[in-house]
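The letters A, B, C, D, E, F, G and H name the chains in turn, as written, and every chain counts its residues from 1.
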Amino acid sequence: MTAQFMQGNTACAEGALVAGCRFFAGYPITPSSEIAEILSYRLPALGGKFIQMEDEIASLAAVIGASVGGMKAMTATSGPGFSLMQENIGYAAMTEIPCVIVNVQRTGPSTGLPTSPAQGDVMQSRWGTHGDHPIIVLSPSSVMETFRLTVTAFNFSEKYRTPVILLMDEVVAHMREKVDLPAPEQVEVVDRIQTNVPPEWYFPYEETASDVPPLVSFGQGFRYHITGLFHDVRGFPTERLDEIQPWLKRVFAKINNNLSDILMYEEEDTRGARTVVLAYGSTARSARHAVRLARARRHKAGFCKLLTIWPFPEEAVERLAHTAKRIVVPEMNLGQLALEVERVAGRHKVRRVNRADGEMITPQQILEAIEG
Amino acid sequence: MPDEEVALQEKTTEKKTKRRPRGEVRLFGKWCKGCGLCIAFCPQGVFEANGEGRPVVAHPEKCTACDWCVVHCPDFAIQVRRLDDQEGKG
Amino acid sequence: MVKGTTKAPGRYEIRLAGEGGQGLILAGVILAEAAAIYDGKNAAQTQSYGPEARGGASKSEVVISEGEIDYPKVIEADLLLAMSQEACDKYYHNLKRDGILIVDSVNVSRVPTSKAYRVPITRLAEEATGRRLVANVVSLGVIVGLTGIVSRQAIEAAVSARAPRGTKELNLRALEAGFRAAEELKAQVTG
Amino acid sequence: MHTELREKHEIYDYLRHSKKFPVMWCAGCGIGIVLGAIIRAIDRMGLDRDRVAMVSGIGCTGRMPVYVDFNTMHTTHGRALAFATGLKLARPDMYVLVVMGDGDALAIGGNHFIHAARRNMDLTAIVVNNNIYGMTGGQYSPTTPLHMRATTAPYGNIEPPFPLCELAKAAGASFVARSTVYHATELDRLIEQAIARRGFSVVEAVSYCHTTYGRLNRLGAAVDMMRWLKENSVTLAQAEKMSPEERETKIVRGILLDREGPGYVDLYDEIIRQAKAAENG
Amino acid sequence: MHTELREKHEIYDYLRHSKKFPVMWCAGCGIGIVLGAIIRAIDRMGLDRDRVAMVSGIGCTGRMPVYVDFNTMHTTHGRALAFATGLKLARPDMYVLVVMGDGDALAIGGNHFIHAARRNMDLTAIVVNNNIYGMTGGQYSPTTPLHMRATTAPYGNIEPPFPLCELAKAAGASFVARSTVYHATELDRLIEQAIARRGFSVVEAVSYCHTTYGRLNRLGAAVDMMRWLKENSVTLAQAEKMSPEERETKIVRGILLDREGPGYVDLYDEIIRQAKAAENG
Amino acid sequence: MTAQFMQGNTACAEGALVAGCRFFAGYPITPSSEIAEILSYRLPALGGKFIQMEDEIASLAAVIGASVGGMKAMTATSGPGFSLMQENIGYAAMTEIPCVIVNVQRTGPSTGLPTSPAQGDVMQSRWGTHGDHPIIVLSPSSVMETFRLTVTAFNFSEKYRTPVILLMDEVVAHMREKVDLPAPEQVEVVDRIQTNVPPEWYFPYEETASDVPPLVSFGQGFRYHITGLFHDVRGFPTERLDEIQPWLKRVFAKINNNLSDILMYEEEDTRGARTVVLAYGSTARSARHAVRLARARRHKAGFCKLLTIWPFPEEAVERLAHTAKRIVVPEMNLGQLALEVERVAGRHKVRRVNRADGEMITPQQILEAIEG
Amino acid sequence: MPDEEVALQEKTTEKKTKRRPRGEVRLFGKWCKGCGLCIAFCPQGVFEANGEGRPVVAHPEKCTACDWCVVHCPDFAIQVRRLDDQEGKG
Amino acid sequence: MVKGTTKAPGRYEIRLAGEGGQGLILAGVILAEAAAIYDGKNAAQTQSYGPEARGGASKSEVVISEGEIDYPKVIEADLLLAMSQEACDKYYHNLKRDGILIVDSVNVSRVPTSKAYRVPITRLAEEATGRRLVANVVSLGVIVGLTGIVSRQAIEAAVSARAPRGTKELNLRALEAGFRAAEELKAQVTG
């Protein structure tokens, strides 16, 4: 493919298609609506299906239903819709049904500033639904990265049987950049694990070596049960501790034992850096800009960009904290991922740079934090 | 009682005079919760309540295999085999 | 004409500001596309717009650079196109000291500096094509004509590619009108 | 009738023997009767059970799927139709049955109900209407009759109930029918027709909850409420002969609406054809 | 008519001078016309504006309250009726008007709409139906006609639209009426009657969104769409003389339902009396 | 009043009535339904109103609407319903409308174990809605405390114009204990600040010395605007930074400047303690039990119970961490508030004791952590 | 065109022959967005579009104070004062 | 008889276990109320129950203490009342070494220890009142009769206070039947 000039939202839609997404259900909301619009046009030609549901709750429900039917499925929304999806996000986690939820962050709380960027849903993406559950959250900082992380989101979702949240922000979503999309056949696409046992031997929630049991779609002769209640290996409701405890252990293990696969971050000049700027999403662009300016001014500054924000890359941050004197954490919110950085790195090492007023953090602001 | 269900019963009753069908009633005590529906509604009064209010097949000979109890036992605790029907499973 | 960019070498920042409905976001996209696709540079285009479906303030920003573009927004504009008085008032202060100010003199009467290029962009659009709607394309002609920030072939190709079916000629006429206006202005300045 | 009787015993074939029986419902609860009716309908239609899915929300009724050997899914409260919509679109070859309580379908789930009807989504919705929230202990529901008591209506309910079937009709359903758990074999025939119909079909299975609603309103045990259903329901034909006032007090049974027309799935297939043609053309 | 004309100028009295004008809507958008109709109705009724509340959800229509000098509340998308329900119960003396777009009222808000109708909650719901999600740029809504295009229906819409007024009637509303923004003075009279009626009243104000829907479907500018409304709507009386097929293609204007009966607020007051009596008795 | 033997849910309902609650809207859910049931019976006699809404979203909406109308208002729910309420919680925070939301926690995620206890919504209660916003969360550990904290929840809500979440758990909700409820006139009840300026001078979001502007109910002649968009001091939507930034500053300040009022915790034997057990909710009961056992075994153990969990009592925990060698944090979840404790106290000092399987944490488990 | 709106207009037209009411039209340029509704629908053709498509009161003398424009201008940009009505505010 | 509690001084833990519908939660409440309200001690009552509306396992726990009660659940039961076989099997292991086991011999056939008190509680209820429903109250008589954990006046007052209108006599008869059974058992043990 030749170079194209496209928006983050377009790249997200294209990434989804390349990853094998064949179902999209959504409810329009700025600044995510383009994803739905593009897919409403593109999916049918690929034999896929698009449906605009009556609200966001129904959208995620339909996505999970389609995934149970064997289609890779996705929805896209922004803060208010993401808040409404929380109950069903928990359902997907509990039932271990793969699905991808795109949240293009705008400024909140509430209706806030519907057309302005923010990173205010970082903690929500981890903790928005009730009860303890694992989840994976990825955050792109460029149009090309949006394409790639959308593919990765689907891959993780299928591989680990977990909902994956692609946490974009309005800047990345609406920014246009040149991208060179790879040919579909050059993209690694992961499909869910199938089983090779006969139906009688199939347990949709059994413990396996990988901690991820195979997932057979409905309609293939396996006739099992899915429920949001705690369940045994067959999927039937249980209240037995000896069935609940292994489930809890397994679903966390399937994520925690694969951190080397799941955690993605990029470092630049962190070795020997006195100050490391740790950022994600569009703020990482300001951060990198600032670090380059700082280095030009002979500051020993390094840059680390998180692509995976949940699970939080504890070890990497611990390592950075070990060598650096200070970690600057700029976020378009009033300090969210910084809480984790503080926890891991120690509060005294962290300098937060925050704003949640609808404007991007400028390189200038970060530079001041590096220098100050 | 002019509805379909009742029509069914009436037909059964009517048949009695011709070749009255007969049924063999089986009750799964383990699944039965003793709700009393079969006792109250069996058109032939096949069931009676024991001391604990649970059904017993008190008058097996009266059963016409009308299947009311089979279809209405909320616990799937009753099977009725048609005695005049050799093919009848169950 | 690109000499105003010395302070941030390799990075040229353009802000197109006016009202919703003036097509400034599209203008930004075309300009950035000309740079990125047809001239092979890097470019990032961003925008901001009110909640209003139509009307209200609208702003489109284009950063063009030979190198990688991290921060994608304007830090200090090298060029400001103001298509409304409000936009002019609001963004002038963020123009670089020797940055270029282009105003649509049809809509902007109070201009904060005598060094501004006053171009009756909307009128030029109407005169050249009979349609005020293509003022945004005229403005591209003016900008590229004055700065050379992208090549003429590139902007022509980008405009052609984005023109809705059957409007390519019309849009190229609009672009040409912008170029002509730029030539005249340059002649005035040098002359 | 002979073949029918034979089939009846097949019910045990459809129950999940790996599941603990008896069912979790209170002694005498009508939900089990509806389950039996659904199984009979499917058995009579001879559907491949691999191609049958049963989706439910939360509530006593919502616990139905766990007992039957289909592809079963117990979702979140009120959202069963939305989950089922996704499943149906992904697997148009499957028969997707959605079982819901009155609260599940019409309180929290009311919007999905009317939208599935509007879209004429190819699903079979079976609403077990017991006029109360059974599972949570007897709070009033959108079908609790006026003046009746519930744990949250200690002074009697003042909210007029939804006419479930009228609502389904107004919203756009293709097939709407009603019967009661007393009329269990009528119920299974209606369910059969509902499954057969393309588009969105609704069967209201009028049941009762003696444990909460019955106790609070002194309506007696299951037997008494069952008798009430028997005595207070009429067929459509009978209803037509009644005065409006008289009809008001009765449960009218039968097929209230049955209209042909493409369901959503067919219409979307048309879009796929169109899009593919445009792609290639 | 003289007094009426005089009053018209009072509109400016009701606009908030502290708010930036002109209104945020696109040039020619009908929402402003509905706002004018509401103001005329309230003015004619001589309501104390301190006792008037206007509650909205999110959407272009949802921006209406900010411009008028009442007690105004712009809530979350789809939930305006639920907020209004709480407000009305807390302040039964107030006239609570709820203005919503078609998406706001019938997509995400559909459940609150039918439940407010069912409860016969004493609110006046005014739905500006432009057959599209205007605010978010032209995605199809539950009232988009079949086959029409929207940004999310690039191949034409395959979801049959809701018959808004029929749905309101089936759900239990007390008063249901429809007019268009072309018939602006008819609209204000209907709104007046809706406000006067106890219980839940609904006025569908048929409008248009030339910016999104009009553009996507090549229906022309505001002037063209306004003309379409003029030419394609009929009064109830006229409609009755038409064949069903002909009627189908028309927007029928007028009062479609008007029934007496206590609203929720009155019934709850009765409960309060009852409970207090029990307490003291 | 004489001693009564009552359930936590009853105490919550009674507390609400004493605090002046006159409106309740809710949707039934175990294990919170008793609160609704009691209030449906009790409110009308007091001239108050109860309504069962069609779902939890509508319930909180109605509560906020009633509060705007001048009634103190509350809703009660559990995890699944709480997830659904998130969008409108953000609305209440954004519009600064007082309201109390009771979440009786059961075991999640999803439908989980509907009748079993948990503390799995601790992070959700802080971060469940999108965007940055302040909030207050209180958590009682006994029936009497439930009564008191319900009153406090209303008081804080009215005083600070903020949604307050009363985070109960199934144990506290359904446990019966003896309580000695104070006479209503002995209970301190706070009402929202009224204004004494004429309508023209009233700005519902103006900056005041206390950071809490007066709140006039609808219908009293003040005719102002309320919106979930960012707004200026009059309540009108704004996108101006010079109006957004002061708003953000003020709403956080109104909480952060009043921490001495808002933060409630109780300490026992913490002075000189080597190990402090820090707990909240019903787990605090196991914790106190364990600490007493430990002290009986001559361990230098101390006990600290948090009544306010959000905002997190940073200073108090910092102080405890300063003197104690170890902080044990037992929670009926897989480690939620412990994250904050680790952040403030340092990770190495914290020992977590967790379970999320529907069972209470036993004194034994905590004792092992104290001794281990 | 037998609906209420039109009836209103017809009445106005009819009156013309007797004592034709007259109106003074005022246009607030600042609020007018130039949507053209008034131009297209004024039954008397009072408005005309200027070069930019915005309305100008081209034929003030034709106005019959029918108020169509007042009621339909979505931007509240038109006021009409009845010239034959002394009490009319404006 | 309370001597079994020495290991946890001042704290007496009772577990009432059986099936939904047997009224065990109410029994726990009455017992705890007797202790807390009428005897002036401290008491905490908790319960666990399945999602099932009716039927399924049901468990009610009462902790009675002179001092404050922190942990409100049974740690190691001083007394277990098992009204179903399942309950007996499930909870017996958690009974204190010298704790008291009371089983309803109508429902429980396999008893894990010979030291259990087997009482035909359901039958006693039926015999004394004609209603099996009051088996829970009979069991209270047995428990209090055997242990004296609350005073007789207290339990009578508590039962009376909780009895639905018109059933006070009936319930007190059931209680009395329980007390009588306890006396007989004590006589057997001592005798």
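The working rule: a contact is a pair of C-beta atoms (placed from the backbone, for glycine too) under 8 Å apart; a residue touches a chain by one contact, two chains touch by 3 or more.
None of these values were measured; they are calculated from a predicted model.
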Name the chain whose C-alpha centroid is farthest from the C-alpha centroid of chain B. C
Which chains are joined by the largest number of contacting C-beta pairs? A-F
Measuring from the mean C-alpha position of chain B to the mean C-alpha position of chain D, what distance in angstrom results? 26
Quick one: chain A and chain G, Cα centre-to-centre, how many Å? 57
Centroid distance [mean C-alpha coordinates] between chain G and chain F, Å: 59
Inter-centroid spacing, chain G versus chain C (mean Cα positions, whole Å): 41
Taking each residue of chain E in turn, which ones touch at least two of the other chains? 25-27, 58, 74, 76, 107-108, 110-111, 115, 137, 142, 155, 268, 271, 274-275
Chain F residues counted as touching two or more neighbouring chains: 41, 44, 54-55, 57, 80, 87, 91, 110-111, 113-114, 116, 227-229, 237, 239
Per-residue overlap in chain G, given as positions that touch at least 2 other chains: 33
Which residues of chain A touch chain F in their complex? 57, 79-80, 82-84, 86-87, 90-91, 93-95, 105, 107-114, 116, 118, 120-121, 123-124, 126-133, 227-230, 239, 241, 244-245, 248, 252, 333-334, 336, 339-340, 342-344, 346-347, 356-359
Would you pull the chain A residues touching chain E in the complex into a rising list? 27-30, 33, 36-37, 40-41, 44, 50, 52, 54-56, 80, 110-111
Seen from chain E, its contact residues with chain D in the complex are 107-108, 110-111, 114-115, 118-120, 142, 155-156, 158-163, 166-167, 169-172, 264, 267-268, 270-271, 274-275
Note: in the complex, chain E contacts chain A through residues 58, 74, 76-78, 107-108, 110, 133, 136-137, 139-140, 142, 151-155
Give the list of chain A residues in touch with chain C in this complex. 3-5, 113-116, 171, 174-178, 282, 285-286, 288-289, 292, 360, 362-364
